[in-house]
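Look at the two complexes coming up: chain A is in both, with chain B in one and chain C in the other.
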Partner chain A sequence: MSQVDVRPAFSLRFLRSELRLIAVRRRNQAGLAALAAVPIVLAIAMKVAAPGTGERRGGGPDFFAQILGNGFFVALAALGAELTLFLPIAIAMLAGDAVAGEANQGTLRYLLTVPVGRVRLLAVKYAGIVAGAFLAPLVVAGTGIIAGLILFGGGDVTTLSGTQIGFGEALLRLLGVCLYLGLCLAALGAVGLFLSTLTEQPMGATIALAMLSVASAVLGQVPQLDWLHPYLLTQHWTDFGEFLRDPVSLGALRPGVLVALSYMVVFLSAAWARFAGKDITS
Partner chain B sequence: MSVFKSRPALRWLVPTAAAVVVIGGGAAAGTIVASADPTLEPRSAAQLLVDLQSAKVDGFSGTVVQTADLGLPSLPGVTGGANGAELMNLVAGSNTARVWYAGDDKVRLALMSKLGETDVIRNGSDVWLWRSAQNQAAHYSIPAGRQHERPATTLPQGVPSTPQEAADAALAAIDPTTQVTTTGAAKVAGRDAYELVLQPRDTASLIGQVRLAIDGEKHIPLGVDVYAKDATKPAVRIAFQQISFDTPDAEQFAFKAPPGTEVTEQNSADADKGPISKTPIGKGPLGKGPLGKAPTDKAPEGTKVVGKGWTSVLVAKLPQESAKGSERAQLDAVTGALPEVSGAWGKGRLLQSNLFSALLTDDGRVLVGAVAPEKLYEAAGK
Partner chain C sequence: MTDLAVASQGLTKRFGSQVAVDAVDLVVPRGAVYGFLGPNGSGKTTTIRMLLGLISPTAGRHELLGRGMPDRAAEALPRVGALVEGPGFHPYLSGADNLRRIDACDRTAEARTSAARTAAALDRVGLSAAAGKRYRTYSLGMKQRLAIAAALLVPRDLLILDEPTNGLDPQGTREVRTLVGALAAEGATVLLSTHLLAEVEQVCTHVGVMHRGKLVAQEQLGKLREDATPQAVVLTDQPQAAADVLRKLGLTEVTGSAAEVTGKIGAVAPEKVVAALVHDGVPVRGFSLQAPSLEDVFVQLTGQGFDVSG
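Moving on to the complex of A and B:
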């Protein structure tokens, strides 16, 4: 076992191979393309429908109406639109594949015959999910910015507080939005990883996670359950709007970050408890 | 780790413990704040009142949270919809506002909502109202002579304004009807504070106590709690969640309507009846003054006050043609959901909450007061 100790705790090679595995899967590529298609479709639809919507003033909470004035808002509107369903489904797909997918294909056994500890396997699988969680919002925002700039142009961006910031600073804030959403989605991925260790059917884990995420969002809309709201994973996702206020108050993001970290701690340790003691039969 | 190896079931203790700590920590976070142990020297109510009046701060900024749990029945059309959500939040939920203050002529209040913001900014003689959801800005100029007046009239009634303002409303209610005491110091926004307790002498009032927290050092109000009778949790609470006494930068108060914005110019004479006073939130029960705010002398005809002090009942005539079309239908849907009551005084519908009752009679009167429904019936019979 001395060889085991010499090996670095976290080998980049294993992570790289996992990331490559995720990247070359056709369904993941298709999923990413679908995520990227939403802002493009949205921007084109707004451009085509522009004369009609011009009469209906009022930005609404979803940034849609501001798109006409500045392409920057395509990215925000797309993120807002995809946040309730598309992005969670993307994470659910990755999470389902992570452990249950390997088990389903019968490759989990072989993975573990290589001298790879189960904790390390779990860590690498989660790292793959986290990479996806941060990549997905960046892809949506990036495509949104490009589509928006082409169709509507850029310029100074109006914040929620009614002040104006330069396009460069706006891009930085958009990066902040993406990182915040990445953290939120990574927490969802932790739940997904746990679900993935429970079953050998990747579809089961994927659907369960997507349903959990939607159920959490629905519960968050019910005013009678307000005692439950602070504990819901999805409750603070729309707090990403804090980045668009002037001045930005990072303190306002604390509840969302705390909830995300709490979910990670609980469900990653649950995934470990389940996976480390599990009999791998396939 | 060897324990976990020999007895895999024990592993489950880890996530279980983590869940308990996280959930328990979340629940405890609220209570720790309450059990503070400040060491302020005792001060009488009168001293505190003087402190309040003479309080002078150069500037501060902070976050104000307003929560309300009025125990209202759920109403169709009020619980849903964009405007409805705004209204609903005010009576059964929480609102967060950020406040910047650098002297009386530099004030900014930003009311937060999900992916939206409503700002009221005063900078010298300019007052701006900005609503991000509507992409609208309104500009008011205060004539030079009136510059030193408080901009209070331009603030929407009933929205969680600064604790300073809420406290003023409570103080206005102090008269022989009220028992004023001070209690052991409280802790608000991490600062030691005195508490001034106003208790109605008239036990018929639904209001149990109004508690005003006053900063121990700076003497400005940090929060107001309104308790219903026999309640242990405040029905309405407006308090700083976080406050800093550094004077905010001048740029916080600089506002220029962004391009593409609908800007309405208003002179200050119109300000009192500007678009703000039409907002649905202005009609919230808070604006009606459970704190005993006296009706203004501009009150429309047919409006009178029955009773005195904490148990006074406001009787007003409903404008017949004010609402039309869909608004009317929405209003009917709401009133239709209220329980029907009748008596010697006639027939009507009753809205009851922890802090106030409202009666809409079929002959077009509306009675509101911080009293039990029986008092309203009594007033309706007069």
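Moving on to the complex of A and C:
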């Protein structure tokens, strides 16, 4: 009587539906617009402000000073500025929605009774977060380049090593920066997915992840804790500046990549361990 | 193996020290419309969550459509439509988009026919006109209807509906009743948790009654009522005297109004009751034996108290 035909093990319908769900949500659209607004505001502010005010303290290479000379640096400066809070918050929003949000709306129980296997559910949810993690830096960089070109013009770019590279190559390197930051944010997203399986309150997961990210950055500034620094998720995020050296030293990027991959393995496993047998009482 | 749509043995769920579901042995034959009754907090939803694999039982095991759960959930659940503890949808998507989302997650559902099936499901619950509205703007009953539509997106062998008529208007309630009848006629089994006993009397073939986590009765509907002690109803203009006679004969729970006295007849022979009434000079205008209503049976099984079991 009941002929169950389980169709292809691999189908993109669920993933597409997930990406669409993320994309049509107004809050996410507004968040992306806010991320994109930062480089525009920054470029205008630099244009308006008097030259020679490039003083800035703390982490990462300083790209602000070079903006006036080449619009290319608007993208890098904006990425650096958004890396401590704005980008992590964006990922935290997505992660909060991923599992806790579905639980909160009561949609989780209906997904599971469809049935969507729990591993498959986590995989698709994480894929959605990863998509956001890579899209966000690209959007910031994209608007940064456009705003920079309009206000300051382009031309050959001076690398951190003092050499000159063409604008086209500089764009390629910017793409590398975005991919590197995408990976870093995807690792943060893995932590977020885990947090999202712990609660039915999406805001709780979001705030927890944003706080974790900020706390990690703060700990990274404390010299007495330098034994801890290599293990901090955020420690190597500012290494993206390495893409602006000549030649690009992939070795310098390795610690950041390794930390990101390690966080992914650990926290995706934790998310699976937590979620696979969890009672869904929402 | 069996011809049962749902079968459980010793299904138990503990929340901390509380036993929410206590060794429940459900037997739902294929083709049945099974009314799953019980006071608030008696463990119906918890049982349903276990059946669907949303929570894991503390003890016991069960099968859906002959497939052991949760191991063979991937085979069983595509044939099971479920409504658990009210609707749950994305507020910023339209009703139709919400259904499409659920359908997209279903590996066994054909993408090609998705649009047609979505439209048909919406039509079946009378939501076609509101299909494009955002879910957040739906009324309580519209939300409930959408949840029923989601359970009907693909053909089902078993429907597990937890209070499907909650929040529905009288027409909606009636339509759900018709719908359940139609689904049963198509050969589906329906497990229906509800508080509307009148609905149960009209559509259900079987009844299971939960009380404080235990399944205290499980029968065919007719049999359940037969088994319960019938009531003697005496029509008279001297209710006080009639009541005295009934009590003397050993009838229990004797109650009277202006023109009528009723009592549980138990093992007393009906003809003896009439003879005794006549003998004592009580004018009898009418005498009948009534099978108790489902409500009487329900109260008999689960007690009078209004307090929830918790």
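The working rule: the second predicted complex is superposed on the first by the 260 of 282 C-alpha atoms of A that agree within 3 Å, B and C clash if a C-alpha of one lies under 4 Å from a C-alpha of the other, contacts with A are read in each partner's own complex, and residues count from 1 in each chain.
We take it that contacts are C-beta pairs under 8 Å (C-beta built on N, C-alpha and C of every residue); 3 or more make two chains touch, one makes a residue touch a chain.
Remember, predicted model here, so these are calculated numbers, not experimental data.
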item: Which superposed partner A:Leu112 touches (first chain B, second chain C, both, neither); value: second
item: Touched partner set for A:Leu21, first chain B, second chain C, both or neither; value: second
item: Chain B versus chain C as contact partner of A:Gly277, first or second or both or neither; value: both
item: Partner chain(s) touched by A:Gly241 [first = chain B, second = chain C, both, neither]; value: first
item: Chain B/chain C common contact set on chain A; value: 277
item: Chain B to chain A touching residues, read off their complex; value: 4, 8-9, 11-12, 14-15, 18-19, 22-23, 26, 63, 74, 79, 82, 88, 92-93, 96, 98, 110, 112-117, 119, 128, 130, 132-137, 242, 252, 255-262
item: Chain B-facing residues of chain A, complex; value: 57-63, 65-66, 69, 80, 156, 158, 160-164, 223-224, 226, 230-231, 238, 241, 244-245, 247, 249, 251-252, 262, 265-267, 269-270, 272-273, 276-277
item: Chain C residues touching chain A - in the complex, by the definition given at the top; value: 30, 49, 52-56, 65, 73-80, 82, 84-93, 100-102, 104-108, 110-111, 150, 157, 187
item: In the complex, chain A residues that touch chain C; value: 1-2, 4-9, 11, 13-14, 16-17, 21, 24-26, 105-117, 277, 279-281
